[in-house]
Amino acid sequence: MTATARAALRREVLEANLRIPATGLATLTWGNVSGVDREAGVFVIKPSGVPYERLTEDDLVVVALDDGRVVEGTLRPSTDTETHRCLYRAFPAIGGVTHTHSTHAVAFAQARRAIPVLGTTHADTFDGPVPVTDVLTPEQCARDYEFHTGQVVVDLLDGDEARAEAVPGALVAHHGPFTWGATATASLEHAVVLEAVAEMALHTLALGRVEPPQHLLDRHYTRKHGPGAYYGNPAPDAA
Amino acid sequence: MTATARAALRREVLEANLRIPATGLATLTWGNVSGVDREAGVFVIKPSGVPYERLTEDDLVVVALDDGRVVEGTLRPSTDTETHRCLYRAFPAIGGVTHTHSTHAVAFAQARRAIPVLGTTHADTFDGPVPVTDVLTPEQCARDYEFHTGQVVVDLLDGDEARAEAVPGALVAHHGPFTWGATATASLEHAVVLEAVAEMALHTLALGRVEPPQHLLDRHYTRKHGPGAYYGNPAPDAA
Amino acid sequence: MTATARAALRREVLEANLRIPATGLATLTWGNVSGVDREAGVFVIKPSGVPYERLTEDDLVVVALDDGRVVEGTLRPSTDTETHRCLYRAFPAIGGVTHTHSTHAVAFAQARRAIPVLGTTHADTFDGPVPVTDVLTPEQCARDYEFHTGQVVVDLLDGDEARAEAVPGALVAHHGPFTWGATATASLEHAVVLEAVAEMALHTLALGRVEPPQHLLDRHYTRKHGPGAYYGNPAPDAA
Amino acid sequence: MTATARAALRREVLEANLRIPATGLATLTWGNVSGVDREAGVFVIKPSGVPYERLTEDDLVVVALDDGRVVEGTLRPSTDTETHRCLYRAFPAIGGVTHTHSTHAVAFAQARRAIPVLGTTHADTFDGPVPVTDVLTPEQCARDYEFHTGQVVVDLLDGDEARAEAVPGALVAHHGPFTWGATATASLEHAVVLEAVAEMALHTLALGRVEPPQHLLDRHYTRKHGPGAYYGNPAPDAA
């Protein structure tokens, strides 16, 4: 990655982090987004416990993918850094990771229930239910807790990158959502969608659950993903 | 429609689209509003996947009513364009169409339940429950999916324009609300009302459903609609 | 009332109306606040159907208490004007009236359930449940509907001014809340409290209803009302 | 405390009070934050009934810890002042107290249910359920009511400072939450967390309650508290 590309990555990671409070996905200093530079073997992440209103590009921390050491930056990285690192290592195609404590997604995580597919809002982004992990064992909590938090997500998907691409998010039991994507921005947008569909699902379940037909869900997912996708326009700067 | 009227239509369609995020009816790039120029046989609609904060009048796309081809504009129109076109063709009196993924309306759509009339907030705008369509068949999903999404709405109303005027909105099963009106602005305002009454209905059902008397509902609907209407004042620019 | 006092009343009524959208009590043009000039036998009220963002002092309409004719103003007054007039006539001590379609208060009105007293937030303002009226009869709906909407509120309280002071609000069945107070501002603030306690009550009932002791409720009500009240400080302009 | 430190305390108390409406924890003039100067034996608190938008540092009131008399300021202090004073006297280590009427925390208080620990969002801040007090007796309501409101909180914790530190908040039955912390800011942030976990808990209970494992909760609490804590970075002005 060129110096210009790295500077753009830092800017993107900062902006994605600032969208956490702007979209109401977390309060105080909760939540964090990272983006990866695969070529350099590092990722850029939010520092721990810094209020969003004070967060600047200089506060971001650059961490090595191989061993988690801090490569650039004077602040301590997010406590969730090792979870991000675990996900990056298990899924080589992902470019960004987001973690929030968004209200309705956390409710499903706390109830240890997957978010079921109830309509097209869900199917536009997630090709199946958003699953919930097993509870971490005492051993997983005792040592390398944050790395193991990523590991239970990887185990949930059997380390299968195709599944990680089809459903770019999961709920860690009694904790909350982690989402990922091709970029930091994409991972943040998946977190936004996940919270929206969690809230819709909660209200739908209160009204009574009805299964949608699979052919409708497939149609929506393939409108936006894969070779036949026809949703969207290129961003102006992508031209 | 004169060039001046067409310019005003574009401005109105832009403003109505910008009210989608401002009123919380949808997140990211979800939702779209269009307005029609019947004389010219075209309608103006939001492009696909462009963030609201970047949306300008020049991004809007003009589409032919007869065959759906793009007449003006360099961007791809909303993926829901064919649904709008279907509704315009079936109901010649409508001038605008809005589609959102507003939370509580989607919950009813996902539960495949009509929004019942529980009070005057509903009856002020909708002369009956907001109905929910049948599920699209595999055939309807396989080909011309978006046009068929409009068709299930038209079928739900038996193509009856009087019913479309009396209840200017419907829920597409497992998808979400579509609303319409005499103008783009009116269709957007019907989407705002639909979401408000959906939220009120959800809470009311939690407290226990009680049927309102029909004479009260009729009174409210006729306060605002038909020859005896006495709600509102003319807009300053309508003088 | 002097010309200065009347000008202050207009300003207060405008500001109270603008607090309806600011506090989320209603959307679009729903909701209205009025304030009375008892000496002149008139009240000042919002015009019908004018968006809040365009509303100015000049748009306000002055209406006679005795027969409801428009005394000042070029616009048509709120369709709810006759309801306000009915309340002013029945309760000579009140100085302001507010009507909204706030979400949770409407839910109770639609379920025809009074808002029970479940804690001190409620008891600080309302010395008892917020009651719900009878359903209007076909005759009451057929003629002078809006005046009768006020009449069912007056009937609910047996026209008793002491009860109207102790519980300054009521829910009209299948419609929504009306609140009143010594001033237009006070009536608006009672609408804010009513919506807050309605939302709290809805969530409390979901968790399980427990009756609070009457001695706690009495303590809170008398902290703020009556000869022994000790809440608050005089407003700077009241000195 | 030096004059400079006292000035900083006033500024902190003002800012913490202004975060009550900014974070949606209370409406109108509800809610109050105080901070203590142990050396001088006084605390700084919000005046009673002053709207947040008009609140200035000069409006704050300084109150003596020993007998509750006003030491500085021309306004009447918050009606809840004696509750703050009771908590400061019982728990010498706390530096700030916050009281709000936040919606979901009040719902639990009104239902007289403790907020159960359902996940890590809760465990990050509260090392156990947020408990609910006994109902105040008629005698406690009749005399020194506000001091007794603090006393039922102290009694709930058996006056045990370690428990007050481990779970820095409680619900007063049929009233609402009080939180505390090392500083005024910390007490306010605990109120923010308490409301967030109350809302999450309400939604979780609707989906079905599942107990989290204690080893996970312990891990989260000790990430942020005690000698092994590794969350956060020093604030710039703490250097």
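Think of it as A, B, C and D in the order they're written, each chain with its own count starting at 1.
Here is the rule we go by: a residue touches a chain if its C-beta (ideal position, glycine included) is under 8 Å from a C-beta of that chain, and two chains touch if they have at least 3 such contacts.
The structure presented is a predicted model; accordingly, all values stated were derived computationally and were not measured.
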item: Farthest chain relative to chain B (centres taken as mean CA coordinates); value: D
item: Chain copies touching (chain C, chain D) - same or different residues, decided at half shared; value: different
item: Interchain centroid distance [CA atoms averaged], chain A/chain D, Å; value: 33
item: Separation of mean Cα positions, chain C and chain A [Å, integer]; value: 46
item: Multi-partner residues of chain A (at least 2 other chains); value: 206
item: Every chain pair in contact, whichever chains are involved; value: A-B, A-D, B-C, C-D
item: Contact footprint of chain B on chain A as seen in their complex; value: 23, 118-121, 189, 192-193, 196, 199-201, 203-204, 206-210, 212-213, 215-216, 218-219, 223, 230-233, 236
item: Interface residues, chain D side, partner chain C - complex; value: 27-30, 47-50, 54, 75-76, 79, 101, 103-104, 106-113, 135-136, 138, 141-142, 145, 173-176, 202, 205-206
